[in-house]
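Right, I'll just put the structure down here and ask away after.
Think of it as A, B, C and D in the order they're written, each chain with its own count starting at 1.
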Amino acid sequence: MATKTHHINPAVVYYTFGPHPPILHIHPGERVTAGTVDARNWDETGEQIPESRRQAAPDTRLRDSNPQIGPIYVEGAEPGDTLAVRILEIKLNRDWGWSALNPGFGGLVIESRINGPTGLNAALPEQFYRWELDRERMRGRLLLPNSRLKHIEIPLTPFLGCIGVAPRFGQVIFSMAPAEHGGNMDSPETRVGTMIYLPVFVHGAYLFFGDVHAAQGDGETGGSAIETTAEVTLEVNIDKGKHIGWPRFENDDYIMATGSTRPLIDAFRIAHVELIDWLVTDYGFDRLEALQIVTQAGAARIGNVVDPNYTVVAKFPKQFLPL
Amino acid sequence: MATKTHHINPAVVYYTFGPHPPILHIHPGERVTAGTVDARNWDETGEQIPESRRQAAPDTRLRDSNPQIGPIYVEGAEPGDTLAVRILEIKLNRDWGWSALNPGFGGLVIESRINGPTGLNAALPEQFYRWELDRERMRGRLLLPNSRLKHIEIPLTPFLGCIGVAPRFGQVIFSMAPAEHGGNMDSPETRVGTMIYLPVFVHGAYLFFGDVHAAQGDGETGGSAIETTAEVTLEVNIDKGKHIGWPRFENDDYIMATGSTRPLIDAFRIAHVELIDWLVTDYGFDRLEALQIVTQAGAARIGNVVDPNYTVVAKFPKQFLPL
Amino acid sequence: MATKTHHINPAVVYYTFGPHPPILHIHPGERVTAGTVDARNWDETGEQIPESRRQAAPDTRLRDSNPQIGPIYVEGAEPGDTLAVRILEIKLNRDWGWSALNPGFGGLVIESRINGPTGLNAALPEQFYRWELDRERMRGRLLLPNSRLKHIEIPLTPFLGCIGVAPRFGQVIFSMAPAEHGGNMDSPETRVGTMIYLPVFVHGAYLFFGDVHAAQGDGETGGSAIETTAEVTLEVNIDKGKHIGWPRFENDDYIMATGSTRPLIDAFRIAHVELIDWLVTDYGFDRLEALQIVTQAGAARIGNVVDPNYTVVAKFPKQFLPL
Amino acid sequence: MATKTHHINPAVVYYTFGPHPPILHIHPGERVTAGTVDARNWDETGEQIPESRRQAAPDTRLRDSNPQIGPIYVEGAEPGDTLAVRILEIKLNRDWGWSALNPGFGGLVIESRINGPTGLNAALPEQFYRWELDRERMRGRLLLPNSRLKHIEIPLTPFLGCIGVAPRFGQVIFSMAPAEHGGNMDSPETRVGTMIYLPVFVHGAYLFFGDVHAAQGDGETGGSAIETTAEVTLEVNIDKGKHIGWPRFENDDYIMATGSTRPLIDAFRIAHVELIDWLVTDYGFDRLEALQIVTQAGAARIGNVVDPNYTVVAKFPKQFLPL
């Protein structure tokens, strides 16, 4: 029997993760295909979506930033389960992207847009960069004719900046913030071929995704990646009764655990304790031995240092897992 | 004309700050009186309130902790305004309180209950302490007959651990977390006689309060204050068109600004930038001169170092304000 | 028999804490009186001390900042002992002080002078403020004729910004940095009448002091207090075999423990663990009960948030100590 | 003319970075070959070096940990210059290594050995692990017969845990701590083929190196890598008049800048500002454009999260540098 794929084009997008009215109900094993809208509300046609499609409370700062596709209600998902979402495709559907310097936002500035203000220095000037995306050769080029950067071609490695579920405690969390529910982790690991494991906090899980990045360095230091849109296909399953503490990823080479909080060291710590828990629970390691082997063979990757919470991904090579 | 006072006994309590169905609508200038429920759901009778009264999503961790009275819809409050709430009375209505050591929660432990787990050390053992509250003499005594602490009497200085409004961006935030909307700031400054200024993010503001502490040291280091209940009376006004960034307090001696985030230094920074903004905007100081005078004459007080965000209160003595 | 007092006027000052050639040898119980030099090398006459008196390696940044009187070799002090230094007098000996905004230095700016640079924002402009010190009335006034600040009089509460010993591990630490050895704690608690307890790491302890502040708010937020000079008298004793982890203070009302590190929360944690250790070791508290009573009755005070390490002082009221 | 190589076997090792009596004077362009001693003082013969060879002040905690080869006085190096040290060889000279869990030390524990104690949780139990190093196949194997880890073979990628110079301000810094002078950066990037650039603070630079790691994961999370010894050969040059702020690395693929401080986010920030400065100064990038390209194509690698300061290495691919 063929796997059912839901092709959707939702009437609304959301700017928060929470148990909003679902735009779709699916069963485990089914697939969803949808086009995303970029972090400043441009869709694949290059038009900004109308106000009427934006489901967010009006506000004075960062209103309507970072729209998400969802929520998708997954039948049978209950608190304590794990949602297993495989990223089958992230097909770039626009020949341009953008990046920007938002004054008061980013890893190397006095913050004032989301957190803060955290200091008295004057903000950096606002910048907007348009990137040409060559989808044949999968290269991005910054359109700055008089700049040293004009000849630089960045390899495109599209990924989902955001994927997550409705948070615990009935919370509704802004789409800029990653946390236990996933959200804006901005990790290049959430790319095609990766399995995303998300803890379920609410009946139906309420899956969201969006914020496609064509490329991004570690930390998303300046505050925005090469932001664009894609047609995304996910396959959704449930690991019934499987409990995890934080989002986890898995690809052919690594098992990975995430931590998203501030300060950065605590994101590192959370991700590594979660990874060690995984090694102990699923692979039979002793806890302190798991710490040892992670110490010598683990890798750590910084997702972002710009969002309300920072994200660290702790990685363990599958080659070192017991058979 | 007499000020109208609403005496309420709400059918439900909430465990999140957000635009929930209001339990009351009031007009500016009116007062509200209500009895609070303590952080573990005991009310003034010493009974835990029934499940049916608890408006929170079920969850595996810290479910139903820290109930709030509200939301109260304030007619005329609009985003960009400031809600001015005077604390008229916090009348302790129970002759006991409690404090506790929750494993995985607190400022001197590996965290695992709200944030984390942030490390591998074993948790401390759970502890529960019952305090006798002498409301005549306003003294609290820990009931530990074989302990060094048995003769210690702590002066009672009741305050609201939580006061806040519906957060911005349409977010719904757990009652354990303080942020721009106020919430669980755990500052002993939110006591009788203090004016609390809160930024309005949503039409109607949606005021909440609760979590009465009979006493607490700076930082609430162990994770819980002397937790109890009180009959609280507030007077609510609106400063139309007055914009503030973070909650502010004012009493006879100090103007005060808060910052609630992690890391602690950023809570310090946010509170102090907000305080300096206040000095510049309302009192005509030059910005760098305001920094100077705060540097020499300001005080800083740590609210909590245990909640999902930490709170710092930056204080400036009114004796140094220009006439 | 009269207590011996050494009146000294050392030929050199030091810009680091370490086991340098002692300027004086004393025995326990003796006193030392010396005039300090301020953080920019002005002495009590208002002249900058000559280069020849400055014992520091030349360097491109912050050379010769924050000179110290010392080291004083205390006969009989051995690693594992505690040096007990009572501050008998801090007699202001100049009728002016200064404060400043050093670009790239301070709690509310992108740092670049000591740590960093930690960001890309432009630095704030350099500022220098001269304060008139009325030593009769013990009031300080900022000399800014066209400013809102001109009528503000700050009460003077002189204290030692720096007091400390040679660090452990044979380290030599810049006089801007506080740590386990004391140093630049910038705590208003190190004032007349306070007993300062310092851990001894090196035979002879090698005591230093200096950096007199006429007044300072919590955090020394802008980066410098009201900097001036004083004639300082200390009485030095040894608590043989008494081990402490971090500097401690004691006055009539409080026992106090310090922590100096980054991040700020760890300074808070260290200070509080040290305070709890004190309550357990010297006053017979059970460890978790000590945590409880500190949670309800403790106070925390931020020394500085501007130095290479931040300082927090954890305070416990002596009224709650067992008899 | 052949390059001169100094084969040395110093009579003493040092546990601090500072301007100690040089063990060797060299001229720019010369090479040094020496055998290192591991972090617990075992040399290549498997014997612990005698007390008489250890140049460190006795102390109660972590005495004599992490010995260094040096200082090497480089003729002609002056403050403001850059020392350019190429790592020519790190030849493992022992068939075993060790790792350990030191209670109170590491990234996932309450700290108490170097910093702290930062909390009240009980320490983890001490552990010592012996690793068999197969130098033919360059594989390490943990000798734990009853463990899941017994079949795991870690690829060996030897590097210098420590390399650095005498710090600025005349400071003497413990060999456990990385900072502006380099030191215990614990970065796997300091391996054969890498050029290490170090800022010179003192005439002669005073170069040190040691602490060979046979392998290590990102963060050195548990507190120690696979610690061993090697015969190390370095070539030392001076970039006269070239000023850098923090240690930099360069290999065939990347230019890299380091930041070493706490908190971790500031190590990240410092490393990235230093990297951007490099792109601006040496490669002609505009500052904000450099930020943009780093944001999209940069990599960040965490050296350690266990030392007194944490280290982050910010990397930029040379393929994106202008020709």
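Everything that follows uses one rule, which is that a residue touches a chain if its C-beta (ideal position, glycine included) is under 8 Å from a C-beta of that chain, and two chains touch if they have at least 3 such contacts.
Quantities reported herein were computed from a predicted structural model and do not represent experimental measurements.
**Q** Counting C-beta pairs in contact, which chain pair has more, B-D or A-D?
**A** A-D
**Q** Greatest Cα-centroid separation from subunit D: which chain?
**A** Of all the other chains, the one whose centre lies farthest from subunit D is B.
**Q** Distance between subunit A and subunit D based on Cα centroids, please, to the nearest Å.
**A** 34
**Q** I'd like the Å distance between the centres of subunit B and subunit D, where a centre is the mean of that chain's Cα atoms.
**A** That gives a centre separation of 47 Å.
**Q** If I count partner chains per residue in subunit D, which residues reach a count of at least 2?
**A** Residues 108, 118-120, 124, 263, 269, 273, 276, 291 of subunit D touch two or more partner chains.
**Q** Sort out for me which residues of subunit B touch subunit D in the complex.
**A** 108-110, 118-124, 263
**Q** Which residues, counting only subunit A, touch subunit D once they are in their complex?
**A** Counting only subunit A, the residues touching subunit D are 99, 101, 107-108, 124-125, 127, 129, 140, 142, 144, 147-149, 151-152, 154, 215-226, 263-265, 268-269, 272-273, 276, 283-286, 288-289, 291-302, 305, 310, 320, 322.
**Q** For subunit B, which residues count as touching subunit A in their complex?
**A** Residues in contact with subunit A: 15-16, 18-19, 56-63, 79-80, 115-120, 168-174, 201-202, 245, 261-263, 266, 269-270, 273, 276, 287, 291.
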